[in-house]
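Encoded as structure tokens, the structure appears first; notes follow it.
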Amino acid sequence: MPIVFSLDCIALLLALSVVAMSLERRSAATPVIYGASLLTSVLLLSAGLLHLLDGSAPAGSTLPLGLPWIGARFRVDPLSSFFLVIVNLGAAAASFCGIGHGRHEQAPQRVLPFYPAFLAGMNLVVLADDAFTFLLSWEFMSLASWGLVMAHHHQPENARAGYVYLLMASFGTFALLLAFGLLAGPNGGYAFETIRASHPAPLFAALVLLLVLVGAGSKAGLVPLHVWLPLAHPAAPSHVSALMSGVMTKVAIYAVIRIIFDLLGPPVWWWGIVVLALGGASAVMGVLYALFENDLKRVLAYSTIENIGFIFVGLGLAIAFRADGFEVAAVLALTAALFHVFNHMLLKSLLFFGSGAVLGATGERNMEALGGLIHRMPATALAVLAGCVGISALPPFNAFASEWLTFQAILLSPQLPQWGLKLLVPAVGALLALSVALAAACFVRIFGIAFLGRARTEQARTARETDRFSRVAMLGMAALCLLAGILPGFVIDAIGPAVQGVMGSHMPSQSRVAWLSIIPIAQSRSSYNGLLVFIFIALSATMAVLAIHTLASRKTRRAPIWDCGYPDANPAIQYTAGSFAQPIRRVFGTLLFRAHEEITMPLPGDMAPARLSVTLHDVVWDVLYAPLAGAVGFAADRLNILQFLTIRRYLSLVFFALVTLLLVLAIWR
Amino acid sequence: MHGLAFDVAHLLAGSLVLVSFMMLYQDRLYALLNTYALHAVVLSLSVGWQAYINAAPHLYITASIALLFKAIIIPLALHRMIVRLGIHREIETVASIGPTMLAGIGLVGLSLAVMLRVTADADLVAREDIAFALSVVLLGLLIMVTRRNAVSQVVGFMSLENGLVLAATGAKGMPLVVEISVAFSVLIAFIVIGIFLFRIRERFDTVDVQALDRFRGERR
Amino acid sequence: MALIRDLAVQGAQMCLVVLLAPLVTGLVRKMKARLLRRQGPPILQPYRDLLRLVHKDAVLAEDASWLFRAAPYLIFAATWVAAALVPTFGAGLLFSWSADLIAIVALLGSARFFLALAGMDVGTSFGGIGSSREVMIASLAEPAMIMIIFSLALLARSTQLSTIAEYMLSPRVGLRVTLGLAFFSLMMVGLAENARIPVDNPATHLELTMVHEAMVLEYSGRHLAVIELAGSLKLLLYISLIACLFTPWGLAPAGADWRVDATGTAAYLTKLIVACAALAVFETTIAKMRVFRVPTFLGAALMLGLLGTLLLFVSRGL
Amino acid sequence: MNLLLSHNLALVLAIPAGAAVILAALPGYRLSARLNVLASFLTFLAALSLFVRHPPPDSYFLIDDLNIVFIVLSTFVGFTTSVFSASYIGHELETGRLTPTYLRFYHAMYQVMMFGMNLALVVNNIGLMWVAIELATLATVLMVGIYRTHEALEAAWKYFILASVGIAFALFGTILVYMSAQPVVGEGLQGMTWTVLVTRVSAFDPALLNVAFIFLFLGYGTKVGLAPLHAWLPDAHAEGPTPISAVLSGLLLNVALYAILRFKMLMSLNSHAMAPGPLMAAIGLVSLVFAAFMLYRRRDIKRLFAYSSIEHMGIIVFAFGMGGPLANFAGLLQMTMHSLTKSAIFFTVGHIAQVKGTQKIAEIRGLTETHPQLGWALVLGVLAIAGMPPLGIFMSEFLVVSSTFARAPLLAIVLVFGLLVAFGALLLRVQGFAFGEPAGSTAPVRASYVPIFAHLALVIVAGVFLPRLLVTWFQHVARMLG
């Protein structure tokens, strides 16, 4: 009975957070709590895997909690068990990393109680089977993560992050609440099975779709609802940022799939257009934000937005194909999306662990202050390099496989009868390609500036390799990324049941194809074999090395850098992150970010240095959020006058209320 | 009930409204107080009449309370206060008398309009009395709203309360009328004493309500 | 038996590309020189250069990391694998299905990724310039390439090179606007990707104009040789890509006997020579453009590709 | 024991009355504070025993499922508040803000107020109910002014004047109800007896009922603190002693609400009279949105939470206005949770204000560092009041919003908008209070955590688990309210 077991584990997590509160500032607390959470998430992970692979029937259970006349319903079906795997794989890695990384924490008593609660919240969302339990867990998840964001509450920007975060979170929750209100109807059929049974009117369904996109999209970081994400994710301790960015956004994806694909009933084709457009926009905007950002963790957060966009494109394709009854294509698209969910979870956790290691070693999040870390922290550098290659969707790593699948799905778009989709889908494909290329640029930038070159500051020069646990966690994740990249067939087959559960069918089994390559539709159409590509690259590289080293010279001399004849020991002459992004900023920035460069040249003979200052505007914030905040402030100011009236004025308010009501009564009927 | 009784009741109730209008018209404190005394007298008369025609002896108590307490004690007390506190005698009103009167007429019209919807089978005295009572209440509130000076506001409140008593007595056989009128007298006493209190504490140099809420909770 | 034969073909292909690559470079240089009325280096000069470089011992900057030494081999390997999967003389490559067109582009992408990193490893200003410009160019060239692939794949209903080539051979393919657009777009992308004029000048070492050269500035000896070889491999790859996509004539079908293969080879060599000539003529007649004109150039390529893809639906609603 | 049970209703009234007399005579604050606690506790027990058995409705008293909710709730909060007030008042004596004489007065008035509220809840006669509420109001007026500072006196005066007008309206409404009843049920007490009215209301004159309801709604609505009748509420909360703020928010508002609900039931039973729902829903929404915006510019912590009380009363009235089993259930739940949470918040705020020596929002920062228990209690309380799970109000707001959206989408949008705006303000403030660089005194505080955490624990439990008994009972009441 996996469901009961999982619920027990979750209860254990909740108990843990209570324990954490009680043992306050003990030094033993950190390893104990993280160790226990690690154990629990491993248990949950295995439970999810078992249920996913042995293809057993969905199992539900109802606790006498929550809404009394419905009870708190929980259910594990392939979809939720897949996300159970996602959540708890990330959670296990983060907990393991936390055992070591948590030692650097200066205020553990502000982190430890919330951490297990956060894990519990995410697991509960995935298992919930009625609207109330779902939303309760959803908001509880946000609340716990808010606590984690506020852990380092002394920096004012963290406080701001927490504020924006929780506000956006409850905004999203309200959107979902309204959606469920529509789905459940006036007399409150909140149980998911009831909702499944009832099919809302087309208009209502469309409304629900939009509300879900707003609600879950704001949690996933869909443009233009992403503003909180780059603030909040970096504010938390790094292994928690990994959870928020790598896992919590996936929980939001789960919500979208659960509601739109499972609860909402048959889709309409134009829904696909909405989702596709949002996804494409998020992908490009996200990566551009990332390119112009210098804060290591914020870059990663922005890149999360990009990948979320990528996933949403997959979902949009699935919706479109499904609405037009192309089962195979829909299944392919959804599989691609879920595969990318898995990949991004691995990669983003890995990268955030890496940023945490760098932060711990140098106390710096700003790339401009780093450099040359590959010498000081080789293991971290290796792992992060793997992460960078992976998230740039380059073979033979895992993200390429999912990207490739998505493109294959896009290439099936000509079947679609609607012109809107016919024309939109390839355009979105172009956007995806663009975002992938830009992502590569972005991660070349990160790794090149932070890890390569020469140390730009003293902290970077004296950085020390991070602790054992973090290293193991990072390298383990990197290994998983490579594995998933060269053996994508197995992952796809593992995803199969989840897709089956939602779509009614799944992709042909890949792991039995000859040479372990993947063939989404037909051999003649397209195929990819990560394993062979990997082996070929490895072979030819080693061949080249061996050949040259045996037949020709293998001697190397060390010498000062040549640099076209201008050797300068000063590391300040290195290319900076800003200058690295400059060409791309010139191409894309001026339009989307109103990027503006200002050069102050000193007069001839003046010894003052010339200065180049770049100003970027977050268009979304300027256009959407600033006016909103302004409006609320304005209204508050105007209404505030009512606090300062005289009694006579208050009396006249009462008087007018009375007279108006009487007038209404006199005029009525 | 035979016509005469009805007419007298009607007359008294109507004259109460009239007196309210007179109060609305006053712009001097003493005059206002005197008119209020008149108001109370008329009220006690009408209550007495109700007691007589409905043969409800307990209403006589109410009537006498109205006569003694409202028509004599309170006005005298307020008189003394005005002298003692040296409140200047003009009442600064919000709007000039003319519009205020118009508003008052509008209110009476409103109350009639509202009450005319009452199905006729409710007995007529009740119906009329309620209409008048409602207009007295509204006029009293209007006085409170349009006067800037605490004493006149208190007077307005008291006339409002007279309207209530009128309604209460108009309702045939309504229990607790006496208790209610007593309770209200207590309330009014409280208000008057309240004004005294502020004076005695020497916190406020005038009892103008605006001075009272000089602080207005949160200082700006 | 067939398996062995296929293996042989695949092996021959791998060796062929790696052997021919320097020749192509040499050929282009020679032709350009002749067009400029210069004697020019002998055609085989690149081979000599490579041998010379390989025998020198490599000089590394003091603070070069292991990545700096590993990068050349990774770049070479990725490019080689990619090149080995593009049909040259015969379509029947044993492993052609192990990576389709998208994967090939992605392989080149990985090669570029490491090249850019290598450029930044030593921490010089020029390396940085090179890398940042390289990624900027790539960020536009790759989508363009993907768009080209889309338009071809939508036509041929496949992203497998061999399948597309067969489709191109077949009479089903008429004269299509899309193909023309894709062809031009692919030309432009190829120029940009191979750091040719007008995007970059392979021969210059004028710091402010160079892109590719700036990244490999710090390399020497065998590392430089490997990178150079990878560079010419890439050029060859693009030429043969264009050849097998747009002029697939004489391409030996899978499982043909050796005579057909021979004719295929002959055809391929002639295509190579023609392409080199065309490239040489083009490069001598056109001037290099400013770096910040490049985006517009590549943006045009991207637009052409997208236009081609969209035209597909209009021209014949697939 | 059995005897006690049989007279439990009498006890609910007698204990506070008696205690008031004794406390008025008793010197020395320790003893009187203890006695106060004891009396409140006994009252609570007596109220609880009403579950076990309660007398059948006679012409004066009525105990039904509706008011038993209110009685138990108010006696419970009254009890916990008295516990809190014991520790709070001690500190006030030390700082000399209160003198023993005033303290005697304070305790007596506390019990008088309890008496008034219990009476208002149990009587079966709308006239007596009016008298009782007036009594309770006057008692609170006197207690609001007890500090005799400028602000306190002004607040008391404002409260007094506005409340009296409200009282007058309520009385007029009551008279009108009687007049509409009198032709049907005949003269005398009958015409004011609740049970009689309910049975015969369908024959009453609808027009009179309409006018009556408007006056009653405005009159008692003034007590509930609905905008635009709210003006007295913020100042009364801010300037009076904190226990009184807790009682005001936790109890008095509910009692007035109870009166409104009663008359709503009456209205909805007469098919010709106007439906009270729309009016209540509209005013509720107005109060919600208005209070939500008012939260932003507050500088006084108690006034802040006073406005949040207005906001919640708006939500509750809206819920009852929407009607239907779900919304009514939500309304009842929200009311209960709000009483518990808000009083807990005021307990916390009281201690905070005492230890920091100020009520200025700007001067209270970083509590979770200087006073962890108080700080986290405040955070928890505010999150609860803002409707965060797993706390009770989340459930009620979930029900209100979701059930409304399917019926009246636009109203639900406005509701959600108001809730979000309010949440924005509350979150902003609580982050200021609880986090950031600490400010003000870091002296340890002698606080009575028991009532605070008792309330919060109840709220948390209710958020995830409602006992079957409570649910069926609420559902029955919800059906009663129609």
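So that you can tell them apart, the chains are marked A, B, C and D in the order they are listed, and the count of residues begins at 1 in each.
The working rule: a contact is a pair of C-beta atoms (placed from the backbone, for glycine too) under 8 Å apart; a residue touches a chain by one contact, two chains touch by 3 or more.
As the structure is a computational prediction, the values presented were derived from the model and not from experiment.
Participant: Which chain maximises the distance between its CA centroid and that of chain C?
Facilitator: Computed centres place B farthest from chain C.
Participant: Which chain pair shows the largest tally of C-beta contacts?
Facilitator: The chain pair with the largest number of C-beta contacts is A-C.
Participant: Which one of the chains is closest to the middle, using the mean of its C-alpha atoms?
Facilitator: Per-chain C-alpha centroids compared to the overall one single out A.
Participant: From the mean C-alpha coordinate of chain B to that of chain D, what's the distance rounded to whole Å?
Facilitator: The answer is 31 Å.
Participant: State, to the nearest whole Å, the distance from the C-alpha centre of chain B to the C-alpha centre of chain C.
Facilitator: Here the centre of chain C sits 100 Å away from the centre of chain B.
Participant: Between chain A and chain B, what's the gap in Å when you average each chain's C-alpha atoms?
Facilitator: Inter-chain centre distance comes to 69 Å.
Participant: Would you kindly tell me how far, in whole Å, the mean C-alpha position of chain D lies from that of chain C?
Facilitator: The separation of the two C-alpha centroids amounts to 79 Å.
Participant: Hunt down the residues of chain D that sit against at least two other chains at once, touch-wise.
Facilitator: Within chain D, residues 157-158, 161, 165, 210-211, 234 contact more than one other chain.
Participant: In chain C, what residues contact two or more other chains?
Facilitator: none
Participant: For chain B, jot down the residues that touch at least 2 other chains.
Facilitator: 114, 117, 141, 144, 153, 212-213, 216-218
Participant: For this structure, enumerate the chain pairs that meet the touch criterion.
Facilitator: So, checking each combination of chains, I get A-B, A-C, A-D, B-D as the touching pairs.
Participant: For the complex, give me every residue of chain B touching chain A.
Facilitator: 94, 107, 110-111, 113-114, 117, 138, 141-142, 144-145, 147-148, 153, 209-210, 212-213, 216-218, 220
Participant: What does chain A use to touch chain B in their complex?
Facilitator: 643-648, 651-652, 654-655, 658-659, 662-663, 665-666
Participant: Would you pull the chain B residues touching chain D in the complex into a rising list?
Facilitator: Residues of chain B touching chain D: 114-115, 117-119, 121-123, 126, 130, 133-134, 137, 141, 144, 153, 157, 160-161, 163-164, 167-168, 170-176, 179-180, 183-184, 187, 190-191, 194, 198, 201, 203, 212-218.
Participant: Name, in rising order, each residue of chain D that touches chain A in their complex.
Facilitator: 157-158, 161-162, 165-166, 169, 210-211, 214-215, 218, 222, 228-229, 231-232, 234, 274, 279, 290, 293-294, 296-297, 324-326, 368, 383, 386, 388-390, 394-395, 398-399, 401-407, 412-413, 416, 419-421, 423-424, 427-428, 431, 435-437, 463-466, 468, 471
Participant: Quick one: in the complex, what on chain D touches chain B?
Facilitator: 127-128, 131, 134, 138, 148, 150-151, 153-155, 157-158, 160-161, 164-165, 167-168, 171-172, 175-176, 178-180, 182-183, 187-189, 191-192, 205, 207-208, 210-211, 234-235, 238-239, 298-300, 303
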